[in-house]
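Comments concern the structure below.
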Amino acid sequence: MPELIHPLDAYRAQAQQRMDPAAWAYLNGGAVDELSVQRNTDLFREIRLVPRVGVDVGHLLTSQQMFGIDVAFPLLLAPTALQRLFSDAGEQGTVEGARSTDTVTVISMESSVATRELAESAGPFLQHLYIQRDRKLTEDLVRMAEETGARGIVVTLDNPVPGIRYRQDAGMTALPAGIGRANLESGGVPTLTGGYLDPTVTWADIEWLVSLTDLPVIGKGILHPDDADRAVRAGVGGVIVSNHGGRNIDTVAHPMECVRAVTESVAGRVPVLLDGGIRRGTDILKALALGADAVLIGRPYVWGLAAAGAAGVADVIRILQDEFHAAMAMCGAATLADITPALILGSDQ
Amino acid sequence: MPELIHPLDAYRAQAQQRMDPAAWAYLNGGAVDELSVQRNTDLFREIRLVPRVGVDVGHLLTSQQMFGIDVAFPLLLAPTALQRLFSDAGEQGTVEGARSTDTVTVISMESSVATRELAESAGPFLQHLYIQRDRKLTEDLVRMAEETGARGIVVTLDNPVPGIRYRQDAGMTALPAGIGRANLESGGVPTLTGGYLDPTVTWADIEWLVSLTDLPVIGKGILHPDDADRAVRAGVGGVIVSNHGGRNIDTVAHPMECVRAVTESVAGRVPVLLDGGIRRGTDILKALALGADAVLIGRPYVWGLAAAGAAGVADVIRILQDEFHAAMAMCGAATLADITPALILGSDQ
Amino acid sequence: MPELIHPLDAYRAQAQQRMDPAAWAYLNGGAVDELSVQRNTDLFREIRLVPRVGVDVGHLLTSQQMFGIDVAFPLLLAPTALQRLFSDAGEQGTVEGARSTDTVTVISMESSVATRELAESAGPFLQHLYIQRDRKLTEDLVRMAEETGARGIVVTLDNPVPGIRYRQDAGMTALPAGIGRANLESGGVPTLTGGYLDPTVTWADIEWLVSLTDLPVIGKGILHPDDADRAVRAGVGGVIVSNHGGRNIDTVAHPMECVRAVTESVAGRVPVLLDGGIRRGTDILKALALGADAVLIGRPYVWGLAAAGAAGVADVIRILQDEFHAAMAMCGAATLADITPALILGSDQ
Amino acid sequence: MPELIHPLDAYRAQAQQRMDPAAWAYLNGGAVDELSVQRNTDLFREIRLVPRVGVDVGHLLTSQQMFGIDVAFPLLLAPTALQRLFSDAGEQGTVEGARSTDTVTVISMESSVATRELAESAGPFLQHLYIQRDRKLTEDLVRMAEETGARGIVVTLDNPVPGIRYRQDAGMTALPAGIGRANLESGGVPTLTGGYLDPTVTWADIEWLVSLTDLPVIGKGILHPDDADRAVRAGVGGVIVSNHGGRNIDTVAHPMECVRAVTESVAGRVPVLLDGGIRRGTDILKALALGADAVLIGRPYVWGLAAAGAAGVADVIRILQDEFHAAMAMCGAATLADITPALILGSDQ
């Protein structure tokens, strides 16, 4: 019987073959026992769909406006640090693969290629950052984002201190020569993680960040509905429901366990996105069914990058697009608005 | 300790030995990760029976009228495409095995032996079809069904686009020489799947199909109760609760998770059938307990066909009959009407 | 680390070593896929106890009157057929082991040693029977029970037809020479199972059986509360909640899933017993907590018999007694009346 | 990919290598099938956290007053018997490791080094005891505790009789020469376990114990809320929710399944502690979220002791402190009071 290997898993296997074990552990590992890393993907398998039939799905509409961008497909690339650890092309490959598929990239503050370099070849992108102890450096990053044409700022909220990552620590204690955080060169961040994290950040700091710029500020790493509401009242232009890919605290709730409450709390005031464990087209559809406006992927596009550069990134995105389109058609959803909680078995509404 | 091998699993093993791996993958595989293929059988194992005692079960009555046919036993053969991939006899073996056991076959539109040939040796049968982009070809199929003596039309509703089947695609990209869709010769369907699928089909098309013929039209692939009601209002003469054997969309709801709501929605206006994962006599009894009037099997009879031709098909049916009879007697059900939700642990009614 | 082998599992292993594989399959196998055989033991592991402390458990009272017998410990030996298949001593070993531990045996109608022989060395015992097609033979068995001093009649209700047992059938098609159903010699039962079963038995037949004798008639094989009530109204003197050890119908409810409803339905009119999957002292306590007055064991005592004859039977009983006594003390239950639903996590009452 | 081994598991592995298998079985084994031993750790993995963000967690406050002691971190060392079985240093290593990390030890009545010896080098400690059949000996232990400066008495309530421990019994039947219960030398306890247990202890005896001393008496081994209330009314100064590490009765409820009800029953009158299965910093946080004021660990610190003496004990404590601090920060909890049920997914309050 021909072996069943999902194409994303094939990319994963190729990436692992090409990558240094320490880099692999850094990319794919997570907090403590990595139970949440595993569960992030597993939970989607337990959510069941109740398709509708008798609907004309000859033309599927999947585009929407978000942060002033035409988002053709409800999937963005999540900020992932230090991509030259995984591929010589690094973030350059990512933004090219994204651009060729009309996909919005969130460029990490910790990019190993500077945003100023990436911006030339990138399509529409968002700039990610942490509010650092050095607020001036934080403001510099905002100005850099504005100057390079970023369409928004993604600020991580769920990382006040470094995550405890035993596997990562066992593999890598310092960055290889020549690979660094290009956006922070002046900041002098010597250790692999955490030196720039500020555990004292509060909503007042988010309000300050919002006040700095006309760009929409999108808060990433929210799981509790009250925090989502607080973020909106602080002026954010979007919310990303995320458990940081299971990298920060183990046995954390799954974003899909939180997204409906967050969506109800946000009540349409700003877009709600979700990341964590998205590996199939049906995962995207399920996230949208429970209220997300779009999802982000992280590790999967890096597998594509590591295996085949920009073409690999683009192919990973297309695989998910094909699956999502098939899932929409099979569920009788011709537009994103047709993807409602009623498609999920056991959802009340 | 003598090994425990269920006789259907023995047929499965024999069939696999005899069959080309690509054909085996085509028959037994499904959508994406094949989670629903596996769960279709597994879920039945979790449903528990609460037998009744002190009932005279000396004579079991299992026959009923359905679509104007005397159905001796509440099991039909589901439409399965291209059976000459699995056995030289192809659908000829199936209809002979079915006839020898008084079982109704649903002949697939994609039969590798033409319905016109099969009709001579078949007992009462139903003709399956898709509403194709070419509506004239669809109408031709209805006329062919009428002329060959089909007792009803089974129309697939849950396949607007091809399912994503990675294992199948890895094994077979074109049909072997000499094997084709005999009912569609003039239709020119070059690829293995999907060329004839029309994603624009709506309930209006079902109404059109119903209007074409006096034969009952049975809608296959309904999971949502509102779709069941809509189908009945469109004039169908029966509903088949099905997730297409897990072949179309992965992580889909199990038919047994949907059948009670469908039955309540249909409210006796037309028969309700169920397919997907039926492998034991108790599975049949459980489906009937939750409201189905009969079930269909797919892969199991093809295993019998591949292993032993018509005799294998008949034997598979008889194994399930024996188990179902024993299950009825053990549950204190002397007639089909005695098979109620009260036999299922945790059912309210 | 020293291996952890429960002493009952040690007996099981020894028994398997000494026993013909076909006999082993007959003893330990069950219906169809044997899922219920496995779940019968597994479910007990999922039920959790909430012990009480600060109670004087220096003296544990475990005796009660039942069917006019002083039952020292709430455990009886279930009827098990043809024990000479498992040990040369056969039922003689069982009744001796039972007597040495003050335990009541239910002698099977299908005993391979005649009850008339066993009665001499047995302590208080009950006689098991099926209502056979030949009602005269059934009455003869009742008279035999009376004459040999049986203290009650156990009638199986849940076996109208033979169970489908693929593993058993694969191993043994006829009884070995010299081993037969000693109580039925005149009855001529040629096949291994089922020849004496009558699928037409109704509650009227139970009423007839009750009318034949002053001995209490105990109905075995009840899972539904309405059947328990009907049995009491038919005049039975006891009810055994049982799924026949998973031997008759697969995926049947567990006796522990049914016992509370049965007990509430019986409402103290007659004793309620439970069998199926009892392997630990805590299992006994859990059954009593949910309302059973006593339990029966089957396979475990036969393992003791096969491994070490009467001494093995006695030792199996003592192991369960020791565990039960420890469980009572740990739960703060000094008497059987202290074993209430409140000891089970999640029980309302 | 670098192997993922949690540092506590590394200590476990080192300890096993150094330890006699019988001692290992005694330390790590439990009652009957050891299902509760396993589940004690497993259940924590199923409890999920819903972190809060936007909180200043730059300074974490984890200290509290308990039994008149400044407890810097909400973790104590549970009483563990006969530690010279596991390390030559025995309890001396434990109290030193505890003192170096400002941790309160509960010294077991069955310590293999006398409390009088340990008290010199120990920090603040509690003295554990059983109410023994010889009440005079019990009173002597209270006086010894007072004289050696113990800050409280921990009395075990959940061990009226010895637990049934098949693995332990298979490995060790008597103590090695030179290792004994130093606090009980005059008591003459010849067997490994149980000789000093009194099954007749009732709440009246607890009241008597409370009346003997001005030290707080902490009742250990409570799972039922009514027992917690009864203990408080008997005058205890603290309650430890515990199932005795799964060593006494198998398939017992998990302390985490009982702690909220206990806490509600105690209603703040005395501190509530919890032990059983704590292996990660998130486990501590979860226990506190459901109402515990602190937790105790047993086996893990003994692994540290066996692997590396006092330094190992201290390191095990520090590993859990680091993880707990990270968990607090990640959950947006700056103080112990911020750790509420709202952090647990699915908790109502």
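Some observations on this one:
Each chain carries a letter (A, B, C and D) given by its place in the written order, and its residues are counted from 1.
Basically, contacts are C-beta pairs under 8 Å (C-beta built on N, C-alpha and C of every residue); 3 or more make two chains touch, one makes a residue touch a chain.
Quick caveat: nothing in here was measured; it's all calculated off a predicted structure.
Looking at the partners of subunit B and subunit C together, they share no chain. Although subunit A and subunit D carry the same sequence, what matters here is overlap: shared residue numbers make up under half of all numbers found at their interface. Superposing the C-alpha atoms of subunit C onto subunit D requires a rotation of 90 degrees, rounded to the nearest 5.
With centres set at the average Cα position, the gap from subunit A to subunit D is 42 Å. Centroids of subunit B and subunit D (each the mean of its C-alpha atoms) stand 59 Å apart. Because contacts link each chain to exactly two others and close back on themselves, their graph is best described as a ring.
Per the contact rule defined earlier, chains pair up in contact as A-B, A-D, B-C, C-D. Remark: subunit D residues 16, 21-22, 24-25, 28-29, 32-35, 157-158, 160-164, 166-167, 170-171, 199-203, 206, 221-224, 226-227, 230-231, 234, 248-254, 257-258 touch subunit C in the complex.
Of all the residues in subunit A, the ones that touch subunit B in their complex are 1-7, 44-45, 47-58, 280-282, 322-323, 325-327, 329-332, 345.
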